[in-house]
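The structures considered in this document are given below.
In the two assemblies presented below, chain A is common to both, partnered first by chain B and then by chain C.
For the complex of A and B:
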């Protein structure tokens, strides 16, 4: 009952697995030690490629030898997982990462040189088996989605786009009030026809529902996507393909808080855990249209602050290069809409941009003393731009955040027909 | 750009709002005190209707008078919210409950009899405005979905079902590898054509993906739905309509743990907060096909336990009436698949079935002493059946749980072609 698309994928993957692992068989037959060689998947081997704006895996390689007692466990785990995935492919199965964990989980009983009996689990937690799956992705040069490993999916899409998925042709402009839930294997989607000018990715499902129902995508010729929170891999890959293959610019709309900023960063640059996949998942040209802290507060107060003696140098570029900004909210709207930042928001902001900016802009003494302990956290280099420093400075200074819903509550017409299109037209976004 | 369906809904709702609130205007014109009368939405006015297997709102009514200082705040909140919703309907808006909160949030400044100035917020937290929306649903006899108030939606569906949503006709058997994301206003869906024998609701999105991809719904003529965790209102209403209007039996598949059991209970009986909507959201005939604790452990050990002197009476019915059950898992599978219950699972189980069953079946002394403090928690009456007492007794006794994924890891073929259909055919479920 599987689709014909899946059948051909299975054949392709089976032959890649055979080929890659026959090397090991060959070594054994030749009397050599069985060894796996693959790129090192660790933080120290993760590089930020500033030119291409991507998090990438560095050049370091690692060897895993079966006959090295420190490496044999990992070696065996890798082979165990590869064989389970191979079996699943051959048997028309569609495992999830959770059930791959279960499929491989068992206890091995063995006798050591002194005759003592030992018991060892293949893996104890899913964290361990997930890491082995990532190793295999790197080793095989295949994403787990290509190996027909499925997962929970949250992404949805509507717009003037016709796709082929499985054996069906689906018109994403004919979804009624509902939407199309993106498949877990977006590489198997074929783009049949498109009539759109850009992709708008909305963090929040509820706002996606509002814009969809309002007819935003029809009126503004957009493909409307929601990641429903932190984007999963399939949503990221789908958006990447829209950008790469259909040449559609991508705009991201999130809450105005450090979590929203980070969601944007994951779409654009990639994430550290999945750095080996950034070249296929990230959209380096993605633009953050908002909600920006400057959309809420403007930047007048920031300019005053940034001229203080101790901040002058830090914000020289922001003051000189960035055009002045007026807020979209009146003072009374701001008063009703803005939410107080939580300690977790502050922590996340420090992760993004580092502790020194936080210390410079914060006025709250209690929080300041907590952040002193974060010394060493220097933040992500891609947040050290004048634009982001201004945004995060306002965040630290006001300790405020704002949800997209607040913009919608000024009227859906305001959000859909003024805020979003105006920001895109006037290039009032962060690149 | 809104659909024609939405336009006629707006007109209908506007006239209901006008009619209901013109009563108040009339009273004012006549020089009477403005008063709202509506059913009391509190726990003590929530009734379990055993015959119809539904949680319902009882007969108690509440009055809210504008001129009573204890009631005027609530009275004004209700009128404020009604006017915001009215405006939204009239202006082609699609608010969410979050943005209704923002739309109404402001500070009222007033002077008391002594000339002192006071400030009061219309509402402080969304909890407050949400409660007002629920009051309005009861007062108007309209669900918020009918008032075109949107929300985040997680539910998805595939199967041999053709629907009309908005202005589009959508064939849910032609979704490729993706799925149809259910709209937030499922009452506006029109069922055009159906060719299915039952509805299978799967708690977990990842398992839904697996069964979908495997072609389960084609092979077994099912409509496949996922609630992606705790079901939202739209998914419940959609499933209810499939059951009521298309006469399709509904089977629920969740993890084997107290959270899974509770998800089933929400689908079947309703929830306390939304008891006023059970008659439209609940599916009293829904059946829990699993994963049952007896599917994992069988019931032999339970029978031994239940014959102990102190338990004989409690489990008389379970022992005499319920057929013996063999487990679906071998001992070694059980060993690899079963997870240790967490304290939160135990707490939830006590909520479901009460502390006395927990004390009777538990062997872990530490947990037992914690539960002694829960004295008074008697559980929900609909869990006090022989079937559920057996399930929960095994849970307390083994302190174990099992995920659906574990069943899938025995092979998707096992889950899709044996476990699910066999349980349905042999009526091996809890009603």
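For the complex of A and C:
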């Protein structure tokens, strides 16, 4: 049985779909050519809003005309997908994006004008149908979740929080050793009661479980969330609602490597492929609590480097304003826990912060020549802050990375009772 | 000891000469000889028909003539004008006897070929030549068995007979038995017959091979090429021997009359000018001219600059209609066009270039560097020495095929026919045309003229193909789009059929695509599971 909340959502979506596509039918009946007008969903139409610190979809629109030979296939796919979603809504179903892929995938057999028979699939890979779903989201102004399309979500949450999901009330502090799996439609969740001071998002599921069993959230009045890797939309939306509606500050804990840094930036400002959702998903006030390169190495070596190298021009006096940092790890601990960065990690780091910083901080000649192909990359503007440049400069210089688990290995107590609370207390994070 | 004293100088008869130097005439080995014999007989057969206004029916039969030795009997039958019986022995049995000393375009130049073939046959097998012939107005059919006395250069009639015609048959049947090599000559003979057929779509040609294979090219047009007219010689092409012959046979009493009446392009003014320049009085009797005066006259006639160009009446081009019909019969191409250029001259000889181009259909795929070439000189296909032919260098060097939308290799064939009272052959083999600037220019212009038409055709075809693709790439999605739209917008009550019809109309109006083609694609669409 579907809940009452679902029902009203369904009705709203059905009427929007009908309205939007009746327009197309009307155009055709009037002899006008069928066109879908929607925002352009490409990198060049993605804008970083400096003021609000958000990745947004730009103002460019695209006209997808059925009569344009290059667009007719996409046009067909968009309509096909719309009709499947419409069917699912009307039949009280909750398809996943994979379901939609299979429902729409079929073969069109036709003869060309020479009489030769051709076969063509409506789409071949799920990548194609997923892309059409995203097109429909921007065309309809409705999100996938609102259209009651599910996807496999991996986000989990525990803490002093009572929610209503569907027609059930759930106390997230009574989940035993398990956790509440964030549902694919987090907008339908209702917050009933909360007793917490902040939200801690942990990239790694394993560390989430350790902290959960340790009783971290009870002790420190936190709501503990994990994205289990790259955050999905539901996790991001859920965290956003905790921040926006319950006014809870959000701290993000990831591995100390370029992928971890990027995960943080997705939570904070949004992602390029889903820039049209940033306003709903991003948490602009989210703070990167760690693990920082400076937590591992301190900043002594960096200061030396910054003075002698051509970094002077890059940082100027910003460097002096950065607070000094002492490492949390001793020399011998570093030896044990630090992992050597792979060329792929270095390339990713160049993508984040640009080629010139990499060139200035890198000492390894072999790696230097390997990243030459990335010459000219300027990086993302939101990583061009003195704090992030310091972090990445240390990364380039040491070619090291560190997983959160290393901090837990030093002692779960160290991680839960010293590292995290101390960093929050002393504002030792990147905003 | 004196070697020189022992040296003997013997005169040899022309027959003996050709027997010794048979390579020149194309009888170097048994394979080549078989091919050459077929050629000579077929060409005579065609000359006996189409040049006289008769639609040719030619039958070529090659049979193994000996169970042990490689002897083949080649029989060629035509429905031509036939030969007067009294000249048959001379025509086949004495070298250099020929009706072809007049100036007009014929396939064989002096009728030598068939005699060399006969000589070769006689030498290799000892079998006589058999000839059956009758002319249209004769009541009898005549039959001869001949051999050639090589030393005396004389025909020897072994058997001879005649019988009354029961129907109005006319024509000639010639049989030669010679040593040959069918297995090695086969492909060349088949190719020769095929190429001959391309140039003679007005002929029925049957070939029966020793393998009992029957190749038949059926007549597809009833139009003959304009027969060549006999014309008086042009003074540019004169030589001492020919001038002497003309003087011997003329009845004109003054050299002035001789020039005016016996040559083309010489009028009264020109005759006077030429004679004045040669310092020969106009009123002298030509039979009284001495050797030095004759030589002076020949030199003057050859070098005089102000003649009118020679007449092209002596030429018999195929006509574009016949070339097109011939190419169609052989290759059933999607594009075929031909052109007959206006007559032109080189060294005082008139010539005409004709070009045909076939594209697509059963046209064979060309090499990477040039289209397939079919070369003809005076309607005879040229099969050998393609590489050294001026036509080859024109299609390779002078024409950028890609400018004509042809990306080689392609199914494209170029036919070039050069007809002239004197084809500028390269070398004694007579299998390729020499690089004479005037000829090269005409060949190039002819090919370009047809190539431009080919380009127009291909450009149109490419454009049509693009439109077809466009129709298909949109129309194939219409059923799916219409289905989706009717599912979502079940409001306004528009039926699928109506929506589809409207969509088709919009596409027609906006793109100019054809509605029947769009509907054809839509009707072919099946949406699977």
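Everything below uses one rule, namely that the second predicted complex is superposed on the first by the 418 of 431 C-alpha atoms of A that agree within 3 Å, B and C clash if a C-alpha of one lies under 4 Å from a C-alpha of the other, contacts with A are read in each partner's own complex, and residues count from 1 in each chain.
The criterion applied here is as follows: a contact is a pair of C-beta atoms (placed from the backbone, for glycine too) under 8 Å apart; a residue touches a chain by one contact, two chains touch by 3 or more.
Worth saying up front: this structure is predicted, and the values here are computed from it rather than measured.
Enquirer: Looking at the overlay, does A:106 come into contact with chain B only (first), chain C only (second), both, or neither?
Expert: Once the two structures are laid over each other on A, A:106 reaches both partners.
Enquirer: With both complexes superposed on chain A, which partner does A:206 reach: first (chain B), second (chain C), both or neither?
Expert: The first partner, chain B, only.
Enquirer: Check whether A:66 is in contact with chain B, with chain C, with both or with neither, and answer first, second, both or neither.
Expert: second
Enquirer: Identify the partner contact of A:26: answer first if only chain B is touched, second if only chain C is, both if each is, neither if none is.
Expert: After superposing on A, A:26 lies in contact with chain C but is clear of chain B.
Enquirer: Between chain B (first) and chain C (second), which, if any, makes contact with A:34: first, second, both or neither?
Expert: A:34 sits against chain C, while chain B stays out of touch.
Enquirer: So, does A:76 touch the first partner chain B, the second partner chain C, both, or neither?
Expert: It touches chain C, and chain B stays clear.
Enquirer: Quick check on the superposed pair: does A:366 touch chain B, chain C, both, or neither? Answer first, second, both or neither.
Expert: neither
Enquirer: More chain A residues touched by chain B or by chain C?
Expert: The partner with more contacted residues on chain A is B.
Enquirer: Just checking: does A:50 make contact with chain B only, chain C only, both, or neither of them? Give me first, second, both or neither.
Expert: It touches nothing on chain B or chain C.
Enquirer: Do any residues of chain A touch both chain B and chain C, and if so, which are they?
Expert: Residues 106-107, which sit in both footprints.
Enquirer: Which bits of chain C are touching chain A when the two form their complex?
Expert: Counting only chain C, the residues touching chain A are 468-477, 479-481, 483-485, 487-492, 494, 498-499, 502-503, 505-507, 509-511, 517, 520-521, 524-529.
Enquirer: Can you name the residues of chain A that touch chain C in the complex?
Expert: By the definition above, chain A touches chain C via 17-18, 21-22, 24-26, 28-29, 31-34, 66-67, 69, 72-73, 75-76, 79-80, 82-83, 86-87, 106-114, 118, 120, 122.
Enquirer: Spell out the part of chain B that touches chain A in their complex, as residue ranges.
Expert: Contacts found on chain B: 1-3, 5-6, 91-96, 98-103, 105-107, 148, 150-154, 156, 163-170, 174-185, 188-189, 204-207, 209-210, 213-216, 218-219, 228, 332, 335-337, 403, 405-406, 408-409, 411-413.
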